[in-house]
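All remarks here apply to the structure that follows.
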Amino acid sequence: MTLSALASLTGAEVSSGSDPDFEVQDVAPLDTATKADLTFLDNIRYREAFSRTRAGAAFATSAMARFAPTSLHVLVTDKPYRAYALAAQSFYPLPDAPPQSVIAPSAFVDSTAMIGRSCVIGPGAVIAEGVRIGDQCHIGPGVSIGRNVEMGPGCIVEANASLSHCLIGAHVRIYPGVRIGQDGFGFAIDVSGNVKVPQLGRVLIGDSVEIGANSCIDRGAGPDTVVGEGTWIDNLVQIGHNVKIGRGCVIVAQAGVSGSTVLEDFAVLAGQAGIAGHLRIGKGARVAAQSGVMRDVPSGMEVMGSPALPLRQYMRQVASLNRLVRKKDRPDGEGEKDGNTATGNAKD
Amino acid sequence: MTLSALASLTGAEVSSGSDPDFEVQDVAPLDTATKADLTFLDNIRYREAFSRTRAGAAFATSAMARFAPTSLHVLVTDKPYRAYALAAQSFYPLPDAPPQSVIAPSAFVDSTAMIGRSCVIGPGAVIAEGVRIGDQCHIGPGVSIGRNVEMGPGCIVEANASLSHCLIGAHVRIYPGVRIGQDGFGFAIDVSGNVKVPQLGRVLIGDSVEIGANSCIDRGAGPDTVVGEGTWIDNLVQIGHNVKIGRGCVIVAQAGVSGSTVLEDFAVLAGQAGIAGHLRIGKGARVAAQSGVMRDVPSGMEVMGSPALPLRQYMRQVASLNRLVRKKDRPDGEGEKDGNTATGNAKD
Amino acid sequence: MTLSALASLTGAEVSSGSDPDFEVQDVAPLDTATKADLTFLDNIRYREAFSRTRAGAAFATSAMARFAPTSLHVLVTDKPYRAYALAAQSFYPLPDAPPQSVIAPSAFVDSTAMIGRSCVIGPGAVIAEGVRIGDQCHIGPGVSIGRNVEMGPGCIVEANASLSHCLIGAHVRIYPGVRIGQDGFGFAIDVSGNVKVPQLGRVLIGDSVEIGANSCIDRGAGPDTVVGEGTWIDNLVQIGHNVKIGRGCVIVAQAGVSGSTVLEDFAVLAGQAGIAGHLRIGKGARVAAQSGVMRDVPSGMEVMGSPALPLRQYMRQVASLNRLVRKKDRPDGEGEKDGNTATGNAKD
């Protein structure tokens, strides 16, 4: 692929001094790329590796382009990682769908299920009655799809995942071991025996959603649980019943969202964050790793800590605590050897 | 179902002014219920939605009943959510068990396994030698039940769960992807190579336990791991080897209990809480979300924080820290704009 | 097995006064062991149970041996738990591999896959094209092994696990529901739609690794994800793409390691710990339970808290906070009843 082809694919510009006809054969990270490879610089942290890279070409911002080694052909763009993603997709396209659907002999497909064209159904997969699967879907080995589940075209469901009580959009990717549509955690606590509340809702998954390995999304109790278009969910994430997640949200590994909470569009939960139930996390709000959110978060706000505070307030709290420790350590003004380390941490 | 039938089912009373012969056809949440629906008010937070509901009838406490719209028929009870749960169960009963057991052709059932009457064994399920399954059990697709596992009547094991080295009581519900009875994390650390300690115990699960999707319960190392009757476990929970969990406990999603710890009856662990090993969590004790418990918790106590403190002490700590931040912000007594926010947080 | 046989197996010494010809039939915990059982004392916490044990023989350190009841035969060793592990292994050896490989009729094995000698392939297992499995491997029911995966001899893969894009060493044990080799969480965030970055690396697992139930290890984005020889991973652990884990590391349940982070040999992550991306955790470093690591940790250091601090600094912070609470509680020097409790906590 030539630099000019890459430029037109990604919207980047070939830098002056770079050759638009230069060809790359593959993509690779900064440190292992060779002359035939395309790479990228997105994080200033890796600037030095960038200066030393032996790659043939790279995406970088105009500010970073000047750190390129002289032998490197540079494609300038505001979004180097996005450009790299698009280029890498063109080097590694998804495999073609087969002309006709291929159903493994050991798969079980109920006679009332409807399978679209050009699908692959893997060995041991189980497709129950009334299921409808769109064209060009790939259902992996050992997957279980329960009664009346519907799925749009172009979906991938990987090994041993299980789906029930849900409607899945188009181009959704469900990783191995994902659990969608099982009952939520709904019961009335009672010393004479907890009483289960029948869970009656579904899970609605929008288009182009990705759901990471072994993550769980419970069906709604009465209303539906919803995951909006283009939202990305990492591994081992818990989504409780009735939760509504907007478009383009990002939920990192091992985070959890309790029942009936709303995440507005583009909200981000970092790893191991936890959100209490019945809250609203505003549009574009960001929750730091391991934070515990116990109240609504306004749109655009970043929160941190457990319980979570607005970022500035959290930082002041950490700084105050560090000062306090330092003060106690030097009651007579003498200080001690690692007093500076304590301060150092507050700055991070 | 008439109000008087609901009253006798749940122990509620038809309020004066409500019609005992009024009929409801279904259950629904406050905000989407229509004239033919039964709903409930349990959380004062939703009082306003209650005042505006278009439901035909609702369970509520006597204190809340006066906020009902005039058109609403009210069933008065101390436990509205429990009453609603019972009513909903009667509208949505579990499906009838088949008269004779139905075993999918693609299931593998060892010739020495004993399957009770009226069971359903799904496609691809694997039942090993010596297994005993009680009457009216439902074993989902792709479930694996290992050698000599025993299970009482009325159990449901959902898709792709795996069980080994365990005895399961009656009416236990095991959600998709649950792992029960695998080896615990037992080994002697050694720089020349960690040495595995054979895990020899079982997992004993009492009657009416529910275990959420992708949760894990390890077999005991020497003694057994135990989960008492009526305990509810949410998704992605970790229960280590030798743990003893009493009756009626509640363990919310992503919480973890380390090896050899004891949870006495009715203990509650909120989401993402973690309990260190070899501890005792007393009867009815409550551990707040994300808390990390490193010492025994007396019966009835509520603890919070990481490391966890008694609730009152934790709250004082949070308040002190907020005061400290505020004080630093106003060295000359002037204060600053969001000083009140800091205080506001301490009150939450 | 006689005491002298146990001594030569484990390197322990028969204490003076103990009979080298005394025989034990089984292993058991201190509190349930009988005259025919071998037990051990490793934790001073259980010294009293040791003094009362009815076991026939026990491993203990020379310092602890004097607390033994007179009837107990003692094997003295510096590493009682390791010695016990070795002895227990000899009482409970792994089952013999069959003379010839046994492949369940309902398993699917692609015609291009190569299965070693003396393997067991369980019902419903799926082995894709190009897979190579070493001798004496045990593949459980419902396991999915994707295209071109290679696995050394003596591995155990338990029920419903799924493997793809990986090379597995010898004697690796993979627990039920483990997910290895799926795509990592790699995409360029973009409001017009996140753009997936193709994940091209593999997962390399060294010899004698154990990976706990429902844990997830993502394939590398470009480079490989690596888990070194003899590392033990507990249940529900998340390992992100490109992570490099050294030899002999220990990662306890529900911990998570973000993408591109390096754990050097013998690092230990306690339960629910989280490590941010692109960090280096030094050789033998220890991260306490629930800690959140946001910066590199030097070799041998122990860190705690979220964000994590060096242990001594963290302890000072906790102590300062407790003093602050106490001071506020006694503005006039009077103190209050549970002031001592607060101090008590700081000592723990």
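Worth pointing out:
Just so it is clear, A, B and C label the chains in written order, and each chain counts residues from 1 on its own.
Definition applied: contacts are C-beta pairs under 8 Å (C-beta built on N, C-alpha and C of every residue); 3 or more make two chains touch, one makes a residue touch a chain.
Owing to the predicted nature of the structure, the values given are computational and were not obtained by experimental measurement.
The set of chains touching chain B and also touching chain C is given as A. Both chain A and chain B derive from one sequence, and where they touch, under half of the residue numbers involved are common to the two copies. Rounded to whole angstrom units, the spacing between the C-alpha centres of chain A and chain B is 27. Contact of a single residue of chain C with at least two other chains is seen at positions 106, 124, 142, 160, 177, 214, 236, 254, 272, 290, 306, 321, 324.
Those residues of chain A lying in contact with chain B across their complex are 106, 108, 124, 126, 142, 144, 146, 160, 162, 164, 177, 179, 182-183, 185, 187-191, 193-198, 200, 214, 216, 218, 221-223, 236, 238, 240, 254, 256, 258, 272, 274, 276, 278, 290, 292, 294-295, 306-307, 309-310, 313, 316-317, 320-321, 323-324. Those residues of chain C that touch chain B in the complex are listed here as 27-29, 32, 45, 79, 81-82, 84-86, 88-89, 91-92, 104, 106, 122-124, 140-142, 158-160, 175-177, 208, 210, 212-214, 230, 232, 234-236, 248, 250, 252-254, 266, 271-272, 289-290, 306, 318, 321-322, 324-325, 328-329, 338, 341-342, 345, 348.
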